[in-house]
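Next come two complexes built around subunit A: one with subunit B, the other with subunit C.
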Partner chain A sequence: MNKLESIGSFFRQGIFSYKALFGWLDPKVYILTKIVSPIFQLIFFCSLARFAYGKADVTQWVIGNSILMCYLNTVFGLGGIMAEERNFGTLKLIIATPYNKFVSFIGRSLMHITDGISTVLICIAAGIIVFGADFSKVNVALFAADILIAVFAASGLGMLIGCCGLVIRDMNLLMNTAATTLLALCGTNFPVERLPLFLQKISYCLPLTRSIQAAWMIAEGNRFGAVSQLMLQEALLGILYMLAGYCTLAIMEYLSRKKATLDIF
Partner chain B sequence: MGEVINAKGLIREYESVKGMIKKERIRIEALKGVSFEVQQGEIFGLLGPNGAGKTTTIKILTTLLAPTAGEAEVLGFNVFKDAKELRKHINFIFGGERGLYWRLTAKDNLNYFSDLYGVDKRTRAKRLPELLEMVGLQDRADEKVEAYSKGMKQRLQIARGLINDPKVIFLDEPTIGLDPVGARDLRNIIRMLSGMGKTILLTTHYMYEADELCSRIAVINAGEILALDTPERLKNMNMGLSVLEVCLKDIEKKDIHAISGMDGVDAVNLTSSDHVSVLRVHCAEPYAVLQKVMNLLRKYSVTGLNIRQATLEDAYIKMVGGNE
Partner chain C sequence: MMGWMKVIISSCILQMKQSFSRAMFRYCVLIDPILFALITYVMYKDSGIGNFALYVVLGTGLSSLYNTICFSSAGDIERERFMGTLEVLMALPSRFRTILAGKVLGNTLLGLTSMTIAYIFVRVVFKAQMDIANPVLFMISFILSILSFLAMSLIMAVLFTLSRNARGLMNCMSYPVMILCGLFFPIEILPSWTRPFSYILSPTWAARLLHASMSGIDSYGRFALDMVLLIAVSVIYLGIFVILYDKIEKKIRVGATLGVC
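Right, the complex of A and B next:
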């Protein structure tokens, strides 16, 4: 296989895997899971914020909750890949191929990153329609870059979780814990600086915290210079999570062969 | 002919945990020192009942499982240390309907695995139609797998298993759950693969299948190889023996032991299903023991009686001991 074919194969695998594993491709399931449910979650938290803080303008919560919603793809989509493969009985087939599993995993993340971004955009649109969120001062290109970095960083976390699926059967426990941790600690609905110190430290180890802060600043009219540090740190955090995922995958593959966990249900 | 598979003293232990608060670790020895060699181009059968260690052996040889002790080489590669290199040259097919992406078409399934095995575009363009034709799915290649029958899924599994043109193919109970026609078609494909020079390791618990396909058979039970020979020689192990078959509703263990202790009785085993048990008494002179056996079974409801020559299946059942 030459280089051009390898690149084609990399992208094709992502598309095949996405089509093969996710029932979201069914219009009914997609509308309910990726549109209706996130919009209602957004409405809930924005209404709660309006009531609790007594503010008419809930743009901050629209932005925070919209970006947070990418966890549907990044945490549950990517995190559940191994578990889904196991359900289909294809996990052992994938492991037994000579293809680099981590490269395969990255290929698979591309569709989730794209789909995650679409969910964020749908939620923002819903926030503008339902709550009149104000994006008049936003630099669109910078805001789009921030969303991309946010979804990329969250994908790193999802991949790290997903790798554990080689040896852990009940992936829902891990994925739900990660999702609720992001919900509670990313500063979306509760300010990070008001959290206890040790939780603040955890907040800044999580993806999305910095990109949400940067998004708020961009919405207030700030330019790249003001948010660059936050965005770069977020991108770096995403890379660190991916590297951790790479090491974890190698360890988990070794353990799965030692502990015979590829077929456990 | 060269040696393609070499397993030496394979041991594999599984550990499970019992209890919630006071946890107790249980170790199960699935393989207890399994050794065998397979020659190039051979169809080698691993024959044994459920839980005998057949799948564990295949998983070790296909790099999916590390042995607890012992060593195995396939095509000269150590199955644990050289797994990455070995994976390019082998493939495996597990029985049943899983192991395919049901939401994809047959063609997409094969394309996906072509990517994972690094099959280039030109080779793929030639190989995919050939494989689809070989397994008789060329007309339904663009349909989603979820619409396929069990036999079609199993045939697609075969095509998937050949996507990288492997030198060695591992087949784990490939005909399980198939109807007789589907099973026969699959056996024809296996014969065709052998004709193409592929080395095949096949596990099955169907005696006739092993007899029909394999050049050599290893009978495995409880993690140990009980016999390893050609089907003909395994059959000869029972030459001159007859089997007295008694169908009855139930029988106490003490009576089975009493029959096994009778003069002239070679072996006894019992296979039971929901409504009927079949007691098989292996002996050289069935009419000499018939009276004694029937006297002992007088208290039971005997529904059938048959005396026949021992077959390869009897040799197998005698070795693995039925399900008694």
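Right, the complex of A and C next:
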């Protein structure tokens, strides 16, 4: 296989995997899960913030909740890949293939990163329409870069979770716990400083915390200099999660082969 | 009479055993209320709203109860379909709707745990003061609310029998109810055109009754009216369930679509 074919194969399998495993085969499920549900979640938290703080402008909550919504792809999409492959009976084929599993995994994340960004944008649009969120001071390029970094970092977490699917049967539990933890601890709906100190430390170990803070600052009109540190730290955190995913995948693959638990439901 | 009671009790016990053996169900009942109570409590903490702990406890408790019932009702049908037992249940001499009622009852009883957990968490961790102003009326409201949730979940369960997209549907049914029923904030802050949707959902009336009986009743006339409306909506739900059930049972038998995944 020449280099061009390899690159083609890398992207092709990402697209096939996404179509097969993420409900795209049924547009109704996709619309309900990826458009309707996130918009209602956004409306709920923005309405709650409006009532609790008595503020008319809920831009901050629109931004926080919109960025958070990328977890639908990064946590549930990427996190569920291995478990879904097992459900379809194709996991053993993937493990048996000589192709690098981690590269295969990264290939699969590309579509989820793209789709995750689209969900964030849909939610922002909904926030502008429903709550009149104010994005007039936003530097669009910087904001877009922040969203990209946020989705990338969250993908790292998703890949780490997904690797556990090789040995864990009930991935729904792990994915839902991760999603609600992100909702609770990333400062989506309140500043992280309001949490107890030990929870604040956990918050800063999670993806999205810094991206959301940076996005708030960008919405207030801050330029690259003010948010660069937060964005770089977030990107670094994403790389760390990816590396952790790589090591976990190797360990989990070894364990699943050794214990012969690969196809056990 | 005793026959269907036996079926409901057996189905309820089996359902509770099966549900609690699933890690995801334990998460919904035990972990989710704690995390949600944490989020809403921290959001409300500096709000200046006096009785905000009530919103946190009642909101978290009622939404967890609703989610447990709704997710389980949808998930159970899908699981039975996936395991190939849905057709068997439908073909049994005992009526499927009786079995379904037992399942929903089992989920509801387990779902009550989440309300208790939310209450204990807010009381113990945040040391929030919450006294029940009218304990008797609170208990009556609470029992009526549970019966109403049962009726609502019966409708959902039977609708999910028809749908092959139960999982997708159940994922997007949680937040609309939390918004429209005023579980975490009064429905008066929503646009007025949403009001009719709120009024046809029984958790709206359940939340009002429980909130009033805990914080203190300003107008007993209004409280009685809310109670009558809760009962009326629940009775309508039961009527809809009976009609829907007969139609859907016929439809899936004629179309032979029951076990189609």
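One rule holds for everything that comes next: the second predicted complex is superposed on the first by the 263 of 265 C-alpha atoms of A that agree within 3 Å, B and C clash if a C-alpha of one lies under 4 Å from a C-alpha of the other, contacts with A are read in each partner's own complex, and residues count from 1 in each chain.
The working rule: a contact is a pair of C-beta atoms (placed from the backbone, for glycine too) under 8 Å apart; a residue touches a chain by one contact, two chains touch by 3 or more.
Keep in mind that what you see is a predicted model, and the values were worked out from it rather than measured.
After superposition onto subunit A, the partners subunit B and subunit C occupy separate space and fit alongside each other. In the overlay built on the shared chain, the residue A:258 is in contact with subunit B alone; subunit C does not reach it. Of the two partner chains, subunit C is the only one that A:180 touches; subunit B does not reach it. When the two structures are aligned on the shared chain, A:44 is found in touch with subunit C, with no touch to subunit B. After the chain A superposition, the centres of subunit B and subunit C are separated by 80° when viewed from the C-alpha centre of subunit A, nearest 10. The overlay of the two complexes leaves subunit B and subunit C separated by a minimum Cα distance of 10 Å.
When the two complexes are superposed on chain A, the residues of subunit A that touch both subunit B and subunit C are 23.
Listing the residues of subunit A that touch subunit C in their complex gives 23, 26, 28-29, 32-33, 36-37, 40-41, 43-44, 47-54, 170, 172-173, 176-177, 180-181, 183-184, 189-190, 194-195. If you check the complex, the residues on subunit B that touch subunit A are 14-15, 59, 62-66, 80, 84-85, 87-88, 91-92, 94, 96, 98-104, 108, 111-113, 115-121, 160.
Those residues of subunit A that touch subunit B in the shared complex are 1-2, 5-6, 9, 12-13, 16-17, 19-21, 23, 25, 88-90, 92-99, 104, 257-260, 262.
Listing the residues of subunit C that touch subunit A in their complex gives 22-24, 26-27, 31-32, 35-36, 38-40, 42-49, 52, 165, 167-169, 171-172, 175-176, 178-179, 184-186, 189-190.
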